[in-house]
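Here you go, one structure.
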Amino acid sequence: MRQRQYQNVTREDIQLTLLQLDNYGPWTVTPSPRRETDLQSLQANLYADFSEFVGRADGYAFYDRFDNVIGVTNGLTRRDHERFQEQVRNQYPVTVSIGVGAEQTPIDALGAATTTLQASGSAQDPDRTEILAIDDTVSETEGDLLIAHFDIVDVTGTYTDTENAGSTTLTIRRTALELAEYMQTNHDSIARFVGGDNMIAVCPLLDQSAFDAARNTVEDRVGVELQVGVGRGATAHAAGYRAKLALEECRENGHRVHQLTHQTATD
Amino acid sequence: MRQRQYQNVTREDIQLTLLQLDNYGPWTVTPSPRRETDLQSLQANLYADFSEFVGRADGYAFYDRFDNVIGVTNGLTRRDHERFQEQVRNQYPVTVSIGVGAEQTPIDALGAATTTLQASGSAQDPDRTEILAIDDTVSETEGDLLIAHFDIVDVTGTYTDTENAGSTTLTIRRTALELAEYMQTNHDSIARFVGGDNMIAVCPLLDQSAFDAARNTVEDRVGVELQVGVGRGATAHAAGYRAKLALEECRENGHRVHQLTHQTATD
Amino acid sequence: MRQRQYQNVTREDIQLTLLQLDNYGPWTVTPSPRRETDLQSLQANLYADFSEFVGRADGYAFYDRFDNVIGVTNGLTRRDHERFQEQVRNQYPVTVSIGVGAEQTPIDALGAATTTLQASGSAQDPDRTEILAIDDTVSETEGDLLIAHFDIVDVTGTYTDTENAGSTTLTIRRTALELAEYMQTNHDSIARFVGGDNMIAVCPLLDQSAFDAARNTVEDRVGVELQVGVGRGATAHAAGYRAKLALEECRENGHRVHQLTHQTATD
Amino acid sequence: MRQRQYQNVTREDIQLTLLQLDNYGPWTVTPSPRRETDLQSLQANLYADFSEFVGRADGYAFYDRFDNVIGVTNGLTRRDHERFQEQVRNQYPVTVSIGVGAEQTPIDALGAATTTLQASGSAQDPDRTEILAIDDTVSETEGDLLIAHFDIVDVTGTYTDTENAGSTTLTIRRTALELAEYMQTNHDSIARFVGGDNMIAVCPLLDQSAFDAARNTVEDRVGVELQVGVGRGATAHAAGYRAKLALEECRENGHRVHQLTHQTATD
């Protein structure tokens, strides 16, 4: 099955949101260094809220740097983003600025979100607070979004149940990093670790060869074998749900790449 | 200033806790794949609670793999850990098993925690639930714990305010990974990314040359310049608080490694 | 200023949602009684999430009985409610059933929500889980919703700063209860305590005499003097925001009933 | 079985904590009224955290007025309370002041907590922030604490499954209020609604006649029949756990008052 090249898509269709805590670094040490575990809880709670915010509109969220959090947000409007800023202002000791970009590829969309936010001032400018930098927002894609859901073949038997947890973590982290770099450099995609041994990539319309190459690259660099389910849909959730089903197919039938594109799967 | 070598310490003094969600992978796809953003929120909330649990006893927590979470837990007893398992059981749709290890170095303690938990069954054995595998617990250390708090020199100017957020994240992630691998391999330490551009290492008693070498290794491999504050104390929080103060010294005075060992700093 | 009588409104325009934890009582003691503070946290967290869910659509939420929670939910669809049930299922150890009613008055809408949920089985039937009993949903009202925001005149000076907190709580609770009974019995309204000394009533279109009578009734029965701001709007939030501004007018100018109906106030 | 009178106890043994949000009312309308659902979520989350804080030490928490929250806190020290203030400061947009009292009866202990906090300034004084007003703290009681756990006989059949949820709530609220007033006035006890149809009373050592009288009073005033399990223990949790077991006895065997005092029940 041959997919059309994503370069041929003529409309902007992937919307990325970049959330940035305002002047967060200085706040964490003012008037004196704050307790690290309180900061960890704060960051995790804020990310949990953002994930819920994005998930309500069938998007996807990644914790990224925790003080810079990203999400696929097709369908979320300017007003929705304002509402999230209000929620943070009313429930947290910090505020957030937001940049939103909509482009043909995930990495370009994130680039646009970054640029528009950077244009409004430095992340550590005390006067730059609660910026909402949005050129435009877009609604659900028209079936042009791919989610690829990767995990490690037999991670439990090979690592979790046998290795020092410290080593397992580093192995998984290197796997996720090499995957992310390959996908970003070669396919304009954003791939992130999402817990356990799972990595999720937000992609333009790639064909199977891209995922084969991704697997090979990671195996060459880290010696870890990946399997991947790929799903296509109008929203990150719809595509991601199919990707998860496709990954189940891999687990059950020993496939290493499996894609579900048709409307045979629903949530 | 010459520190005594940590190999000469004769008592077990660092306690690490490994928290593992029971049979989590299968749960996330039963009866059908669960919404990814709900899982992200669940994991983040659970980590926030664990961080609070650990922080109450002046410990430190790292989110690690989210379904495997770790913490420095000197002073937390078997009963405390049972209480946390009870809290999860009563407030979450999942349960957790726990391994605790106490050894002279962080990586050995984590190894002990891993081994004792692995001995109780597989992480994906449906019958292995709410294990509490503790050989022994230890109280606060006797000044033998080091926390090293790293960040990237001028990360905001060099990356956050100028680069695509996607690239910045990968740069920081590679920095954190190379640091973690160096510190684990060479110094039996556990270093983890904790948000922003911050990395925290839990170490035995190392002297300054170890941190110089860590900085050089990361600069060689990734081209990123780190600065590091080092603190010593009886608890992770006490040591970490001093490490943060020491890092402030770096930021203000241009030092690249600064250590606070005396009781001049208090929280 | 004479308002038109709400009896003349011909369309169903207030939508109430009744959230009910499934078979919750038995769960709290199975297999043995669960720790009370864990239950308190669970209930509070679930209510916080529901409040966020309702607030996203400019609604209002009341904690009511905690295992039965209510909200004004105009604009929230069947699909939205399903999404909330999914969120609870994925993040909590309990599930929720939901009834939704849309009628001309708040109490009738809540009655409809209750009846349709009751028709699906008992709250303690183990087989009745995740019911979504909705006859119909309605969008934003057409300016026909009133929110009345009450508080106690000088509560801080009269009570909080001078009385035993135990006595103050009982005084405020009796005030809230008498207000709720009066508003429900005489004006088909739902009034609930919302924290501090604040009580919020969701009302059909009442004129000022109703609020004068409410104040007098409470003063007669409890000896406590209330002031009230009243706002009108298409959503609970829009009406409630004006009600809060109107209450500020009372606090500053000594009015006891103040209403903002025009579009002079915005959030 | 005859209990000794609580008046004969010579040591102060019940510790109550009163948590008060600093200058909260003004904050909720500055610079303009904040969204009500955000405030509801904020209050609920803060209460959930406080309940967890208290529960860690086997205490009990009541949400009370949400901006004034109370807890039974035997065993929690000054340092523990400071830690909770720090947690709030680091994770919320508001701060809290705390008063702690330890006396022979719950209501006297709450009175002492209130008085010591009031002495430090008004709850709406912008300059009174993060007060920690503690004369003394006490450890676990020596078996001198009673918890009485009440609920309504067949609430599901009589109310939840048959009445308008609005009416059911008012009935339960009146029941809880009359119980609280009776227990406070006649037995120096603090009784609070805790969700569902449950009411919990923290009591000195009362004998069964007090609970018979409480049931009769509520039935006379509201027409609602209560059953009550009573437990005795060194902590609120230990006593409350036995009270829950005792209430299970009532539910199964038709008793209306049942007490467990011996160490036959454990958690």
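Miscellaneous remarks
Every chain is named by a letter (A, B, C and D) in the order it is written, and numbering of its residues begins at 1.
Basically, a contact is a pair of C-beta atoms (placed from the backbone, for glycine too) under 8 Å apart; a residue touches a chain by one contact, two chains touch by 3 or more.
Because the structure is a prediction, the values reported are computed rather than measured.
Placing every chain at the mean of its C-alpha atoms, the farthest one from chain D is found to be A. When the interfaces B-C and C-D are ranked by how many C-beta pairs touch across them, C-D comes first.
Spacing of chain C relative to chain D, judged by their CA centroids, is 23 angstrom.
One simple way to say how far apart two chains are is to compare their mean CA positions; for chain B and chain D this gives 37 Å. Averaged Cα coordinates give chain B a centre that lies 44 Å from the centre of chain C. Under the contact definition stated at the top, the residues of chain B that touch 2 or more other chains are 35, 38-39, 41, 45, 49, 52, 55, 87. Chain B makes touch with chain A in their complex at residues 18, 20, 24-25, 29, 32-33, 35-41, 43-45, 47-49, 51-52, 54-55, 59-61, 63-68, 70, 107, 110-111, 113-114, 118, 122-124, 156-157, 160-170, 172-174, 177, 180-181, 184, 190, 194-197, 200, 237, 240-241, 244-245, 248, 267.
On chain B, the positions that touch chain D within their shared complex are 49, 52, 55-56, 83, 87. Considering their complex, residues 34-35, 38-39, 41-42, 45, 86-87, 89-93 of chain D touch chain A.
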